[in-house]
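By written order: A, B, C and D. Residues from 1 in each chain.
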Amino acid sequence: MDVDSGPSLMAACYGAGALLSLLLARWSGRLALAVAHLAALSGAVAGVGVSLGVLLGPPGRTLTQPLPVLFPFARLSLSVDGLSAYFLLVISLVAIAAAIYGPAYLRAHSPDAGSARQAAQGLALNVFLGCMAFLCCAGDALTFLFCWEGMTLASYVLVVSDDRDGENARAGLLYMVMAHGGTALLLVAFLALTERAGAFDFAALRAAARALDPATRTTLFFLALGGFAAKAGVVPFHVWLPRAHPAAPSHVSALMSGVMLKVAIYGILRFAFDLLAPVAGPLPFSWGWTVLFVGTTSAVLGVLYALQQHDLKRLLAFHSVENIGIILIGVGLAMILWRQDGAGGALATVALTAALLHTLNHAAFKGLLFLGAGSVLCRTHVRNMEELGGLARRMPWTAGLFLLGAVAISALPPLNGFVSEWLTFQALLGSATRFHGPAGLVIVFSAAMLALTGGLAAACFVKAFGVTFLGRPRTPHAEHATEAPPSMIAGMVWLGALCVALGVAPGYAMRLLDAPTTNLLHGPGASVVVTARGPLVLSTALTSSGTNGTAISMTMVAALLIALAAIAWVLRRGWQPAKRRVAPTWTCGMRPTARFDYTATAFAKPLRLVFEALYHPRREVTRETAGTPYVFRRIHYAGEVVDLAETQIYHRVERDIAALSQAIRAKSTGRIYGYIGFVLGALFVALLLSGLGR
Amino acid sequence: MAETLLWVLPLVPTVTALVMLTTRDRRILSAIDVGGSAILLALTLVLAREVAQGGPRALGVLRIDDLGLVFLLLLVVLTLAVSIYTVGWLEQAVAVGNMKPELLRSYFALVHAFVATMVVTVLADNLGVLWIAMEGTTITSAVLIGYHGHHHGLEAAWKYIIVTTIGISFGLFGTVLVYAAAAAVHVGAGAGAMSWSAIMKVAPTLDPGIVRIGFIFVMVGYGTKAGLAPMHLWLPDAHSQAPTPVSALLSGVLIKCALLGIIRFQTIAAAACGPAFPAQVLLVFGLTSVVVATPFILAQHDIKRLLGYHSVEHVGIIALGLGFGGAVGTYGALLHVVNHGVTKALAFFAAGKAIARYGTRDMRVIRGLLAVAPIGATLLMLAALSLAGVPPFSIFVSELMVLRAGIGYGHFVAIAIFLAMVVVIFAGLLHHVGAMVFGEPTATASREPESWSPLLGMMVLAAMMILLGLTIPVSFDRLLRRATEIIVD
Amino acid sequence: MTGERPIELVLLEMILLMLLGPLATGTIQKIKARLQCRQGAGILQPYRDLTKLFRKGTVQADSASGFFRSIPVLVLAATVAAGALVPVVRAGPPAFPLGDAVMLLGLLALARFLTAVGALDAGGAFGGMGASREMTIAPLVEPVLMMVVFSTAIAAGTTELGALAAHRGTSWFLAWRAADFLGFAAMLLLLPAETGRIPVDNPDTHLELTMLHEGMLLEHSGPGLGCMVLASHTRQIVTLGLVSALFFPVGPVEGAGATGFLLGAASFASKILVLAIYLALVESSYAKLRLFRVPQYLGVGFVCALVALALRIL
Amino acid sequence: MSPETVLMLIDDLGALLLFTMILIVAAGQIYRAIYAVAAQSLLIAIAGGVLARATGNRDLWVIAGVTLAVKATLLPWVLHWVVRRMNVRREVEPVIPISATLALTVAIVVMSFQLSASLGPVRQAITGNALPVGIALTLTGVLVMATRKTALTQMVGLFASENGIFFTAMSVTEGMPLIIEIGVILDVILAALVMTIMVLRVRSTVDADIADLDRLRG
């Protein structure tokens, strides 16, 4: 069918899902949920259709549709260009998995949910997806803002809906407040443009932005950046993220972490390269470098805090901070390099390609990991790794897919995480050869930080996978876990397949990246630059001397690995494969129990000591001595790592504001003559001021 | 037709009030109550159509133009909603013993008398009549506030009547001054010299100095009634003590009527001494209100006081819109008048039900409402979100307009302060309401099923709230535009 | 400028590396023994050990999961694949895109990741301990390695090892600048860490709690252990190959034909020998560092690499 | 009556009104305050009469009459009755010392004269002093309310400031239209009634002065 009717189809699906889940919930909550997820699935498929139609269609194609006139003061419209389509694709791909995974999960996780809650969840899920999809397709500021807030609101509902728990409510509150603060900044940035343009649609804003003077332009950019950063969970605006994401149902966490943050990236790109971009010449110096710096910090700090988490889902949430940082490194580089002379254009394309590809990759593997964590959660109802273990024998599919995701997110070949980080590295190297002096050093430094991030991520996921799935079960929860239902597995397999495909044959994805790269950079498209040597080979034109830089072929590496593995498998069988016996793990002769296994805390301890300065770890050890001080009955150890930004900034501000308002409120004596005095005083002051005024 | 309606409209609630004095039966009273409000609404709609077609109409001291119509529509819609809500609310209140059955009829009668005075306030063309009606609202509502009869109620009522009467008397003084200025240019004094429409004709020729002082007196005077800081102190007391339906009327309509008075004088002042002067005054008072309300919202335990302070903030926002001025700002302000009226009434209704369930107004006791009364809790949450300015609810749109005006005219400092406060208030409000809605319900909470009539009343308002958040109907838009033109010509 | 390397050559080099890996280890052990005035085992000892291991049967831990058996396979595969990326007998980019330094580091990291996972699989304290420590050191080593690679790559504008070597050319020593010396110093500091030797790790011990890498192999047995050991031999020689490709890619100028191949192999062997002697010297003249002193030690390398880059860029 | 005499009379009346205001402020006992406000209303009525005579405006006669009846007689009597009926504390309880209140009064008077001076001549005003006197009376009345603790004194202050408004209305604009004036006076009476009821109610339920209640705060 025709692509033009796609958006309305999406709207129909999501809308129907939302309403039906409300109506059907009266009869049967389960039915409502099933229908809601079905609608979401079809909406997502429609979304894929639309985006592919635009991405693979004739170059420079933009799908524009007017929306009904809702507000007399604004013309609402949809306009799907390459960038929109690409993000729509990312959203829809993950949404498919979530929709497949969702119903079984909700049933397994909270079988006793009331129909009201189920209705709310079905409604919110569809609204959430719909808002995200149409946010990317928005052709005017008002639609954008409405979808933006609708997205926040729906995800808030999903966060607080998960269970009747004060913790969730607090997480939701923090989330909403941060998001609202961000929206306030966005409002100013947008309205400053709309008031200049006299209209709300992006075309008018673009035209109005041409006339801006540099100072205003930069101010607006940083306002917008602040707004989006609050949503993307960039350090130090990240505090809400590790609280809110884990609180939601797992497939929603997958959507929030994998997709919702990317919408903020979309906003940044839209503002920097499209709306606010100057007519000619490179972007203002301060933009790109700020983004690069912010990205690097987020990447390193995100993974460092992730390392010390023992709550599986919170750990994953912190990794989203890290990956957003990696994406922003690419974005920042693209901003720096754009419209630079010489090979700058090509390099900018490489950087932007890296960022966009990592957006997709992260969506895939983070979605996969959250779904994996979800099936662990719904089978054990435990999020703390220390109480898990030995699940690999009990839920092999989940374990295998989780391992796949872990390898991918650790940026290890031959999976997709490595590809985008490789491109980022190449972009960094290329710009390091271009920028001499301190600038170059900064770039190299962030390259080193990127490497550090990769290493730490690997460490973190060895811990996450090992402690959760390997060794012996530490508690009955883990002991009696069983494999997740097939529909959940199916959802995970879908994303796992994406990870492998994007890792082994990334060249074919470049075709999708052509449209966004060209209509942002107006330069050579991704496939022209990166897959110049055919879809099987990724290559980067780095040197200004023109030699065809570095090239790798993921496909070839994968093939080599498989071949060698086959050989090694034969080797491993040995001369006499028959001689195999099973024995307990060797623990210096003692009978091994789960107590022997390394805990997550113990695993991360060395790194905690190495990075003590950043962690401010708090530990308390209480010893119960039995009579004599040399014999302990019990030793209780509690340690935690506090998030600096949270304790140093947020708690402080919160406390101060609360204290201040308490103090002010305490001042008020309910005596009526005071009331009268205020009225009289107001009159006096007003009279005097007006007297002075003339 | 329309002219006759002008004098019929105030009569409807008056008659209703009188009829009510004849019976004691609660059901009959409620029926009359709803009926009267419905008739009022119907007649108003007729009048609205007349005005939309034939323009403003005048009859003696009364006059209806699009500006008045905006407020009149809000008034009658809320009155009907209140009547519907009251049916179930009263049932419960009588059962608990908050309302003495023998006093019911006087309660209903007073409510309608209150409505009648407000109708006159909105329809008044003669500034003197405006003042008289305004004082009338004070007296009637003061009695209603003190209705429960315990000394807290009386304290609130006393503060209310004293403070607002002072304010009103300042308003009268301002009126006198403007009248003096007008009488000076008119050939001879007389009722004509006090009619707003007549004054507007000659406004540019008025003595700016005296109008200036007059406007300041009116601003402070009617501002007191409108609950602008720092004259707002009576407001939280009154709102927290009044019976819930009355709180809804106070917050939803009454303070808006006072604003209408201010707007009338603003137009005169703008014509006489340039639009800059009244705009500045409004701006200052508006910003003060927003800032002053914030800490009291954050550190509040009484839910009705919370909503009261919230009204202070929103009146401040309206004043800001008028102060930013221009077509956009004024349009936004008028839209906000309606949006806030509807939303705040809804909030009071939902809060009232919660209070009834838990038998307290202390938000630290009200917990887990969602588990006890899902629909009511959802509505409360929606109202809170809307009050906090989240789309797709109505208040977001009007705040957006106000912001547009502010940014468009370059009031960046004001905008910065305003936005900061809005975010903080958002945090505070969501914190309070979230704590009430979620979590484990308190043991003392009554788990009886939710009765239909309050839900119906709330549903109606919620529907309007969401509708106005998603779109502005064309006819309503035209009305608002014409009203805006009256203020900024 | 040397020409491109055809695929059969690359594969040949890969196999060569895999086969010579144990020999390098043997050599290092022999030199160490000599330095410590011991007779020491013959340099072919590692081969004997390997054959012995592959002949044995396996003992598997009862708590291990299905992954456990495939771990050695994947580790060996990843390491040997990394071997395919190092130019051995000839400089110059391969005829097809295989030879990127970042990819090489990636493959080694993959091997390490899987090893650590395998170590946790059986449960028990030793594996966890080894894995934890290994994964503590690795993230600190990787950025420094990356910077060393960058310090040479920036000049060449590529991270393809063959191309790097070619860019440096055969007159490599004359071309050395201050940056290269510092980069090389950093590399020398990293070598023990990357090859799992004193002062960072100790390959000879099995029961001390100081072991890193060996601790992770504890639960592997028979052919599986054989694969792991072979993998660690290969990894060592691959690392040495990386160093030589980065810093002294001396090879025959137009090394076509068998003679060129032999010459190249000989020169490569000599380079490996030099580095082997260096490692042996370090191992026999230093004591193992406490785990929490290692970051400092690596910090020195980091600073060297950073200065090298600064010199290169500024 | 010649304009000069009218002007002179109004000025004198204005001065007397200010004097009564000072008496109200200075009154240490509620009775005195009540008497003073009654006298003040009487003066207003006289002023009304004078102006009616001068301008020949019929309405002003009516207004003067009503004022005499209501404000000079009825309301003071009500207050008096209340005071007697419920034996409240006779002495007014100032929030700040009476001397300070007096000082403020002076400040107010000065300010209002400044203000109207800055205004320039107000056309139509019978005399240049009418407006400032009116402002001063109104504000001082409120000042009294703001500085007294007992309910009754606050009512007295309220009436006083109403008097100020009436005086202004008369002397600046020859009085507002009759219906308006009547309406205003009716409102005043109603308000006074409601207030009185409240005072008595509180007195009867909890034995306290309604103006002392301060439970509602913050």
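Keep in mind that, in the parts below, a contact is a pair of C-beta atoms (placed from the backbone, for glycine too) under 8 Å apart; a residue touches a chain by one contact, two chains touch by 3 or more.
Because the structure is predicted, anything quoted here is derived from the model rather than measured.
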| item | value |
| --- | --- |
| Neighbouring chains common to chain A and chain D, by label | B |
| Chain pair bearing the highest count of C-beta contacts | A-C |
| Label of the chain whose CA centroid is most distant from the centroid of chain C | D |
| Distance from chain D to chain B - Cα centre to Cα centre, in angstrom | 31 |
| Averaged-CA centre spacing for the pair chain D and chain C, given as whole angstrom | 100 |
| Distance from chain C to chain B - Cα centre to Cα centre, in angstrom | 78 |
| Averaged-CA centre spacing for the pair chain C and chain A, given as whole angstrom | 35 |
| Shared interface positions of chain B, touching two or more other chains | 155, 158-159, 162, 166, 170, 209, 213, 237, 296, 299-300 |
| Multi-chain contact sites of chain A, meaning residues that touch two or more partners | 665, 668, 670, 672, 676, 679, 683, 687, 694 |
| Touching two or more other chains - residue numbers and ranges from chain C | none |
| Chain pairs in mutual contact under the definition given at the outset | A-B, A-C, A-D, B-D |
| Touching residues on chain D, where the partner in the complex is chain A | 95, 111, 114-115, 118, 139, 142-143, 145-149, 154, 211, 213-218 |
| Chain A contact footprint on chain B (complex, rising order) | 155, 158-159, 162-163, 166-167, 170, 209, 212-213, 216-217, 219-220, 223-224, 230-231, 233-234, 237, 277, 280-281, 294-296, 298-300, 328, 368, 370-371, 374, 385, 388, 390-392, 396-397, 400-401, 403-404, 407-408, 415, 419, 422-424, 426-427, 430-431, 434-435, 437-440, 470-472, 474, 477 |
| Touch list for chain B against partner chain D, complex | 126, 128-129, 131-132, 135-136, 138-139, 142-143, 146, 149-152, 154-159, 161-162, 165-166, 169-170, 172-173, 176-177, 179-180, 183-184, 189-191, 194, 207, 209-210, 213, 236-237, 240-241, 296, 299-300, 305 |
| Chain B-facing residues of chain D, complex | 115, 118-120, 122-125, 134-135, 138, 142, 145, 151, 154, 158, 161-162, 164-165, 168-169, 172-177, 179-180, 183-184, 186-187, 190-191, 194-195, 198, 201-202, 205-206, 208, 210-211, 213-216, 218 |
| For the chain A and chain B complex, residues of the former touching the latter | 70-73, 116, 145-146, 149-150, 153, 160, 164-166, 168-169, 172-173, 176-177, 180-181, 184, 187-188, 191-192, 194-195, 657-658, 660-662, 664-665, 668, 670, 672, 674-676, 678-679, 681-683, 686-687, 690, 693-694 |
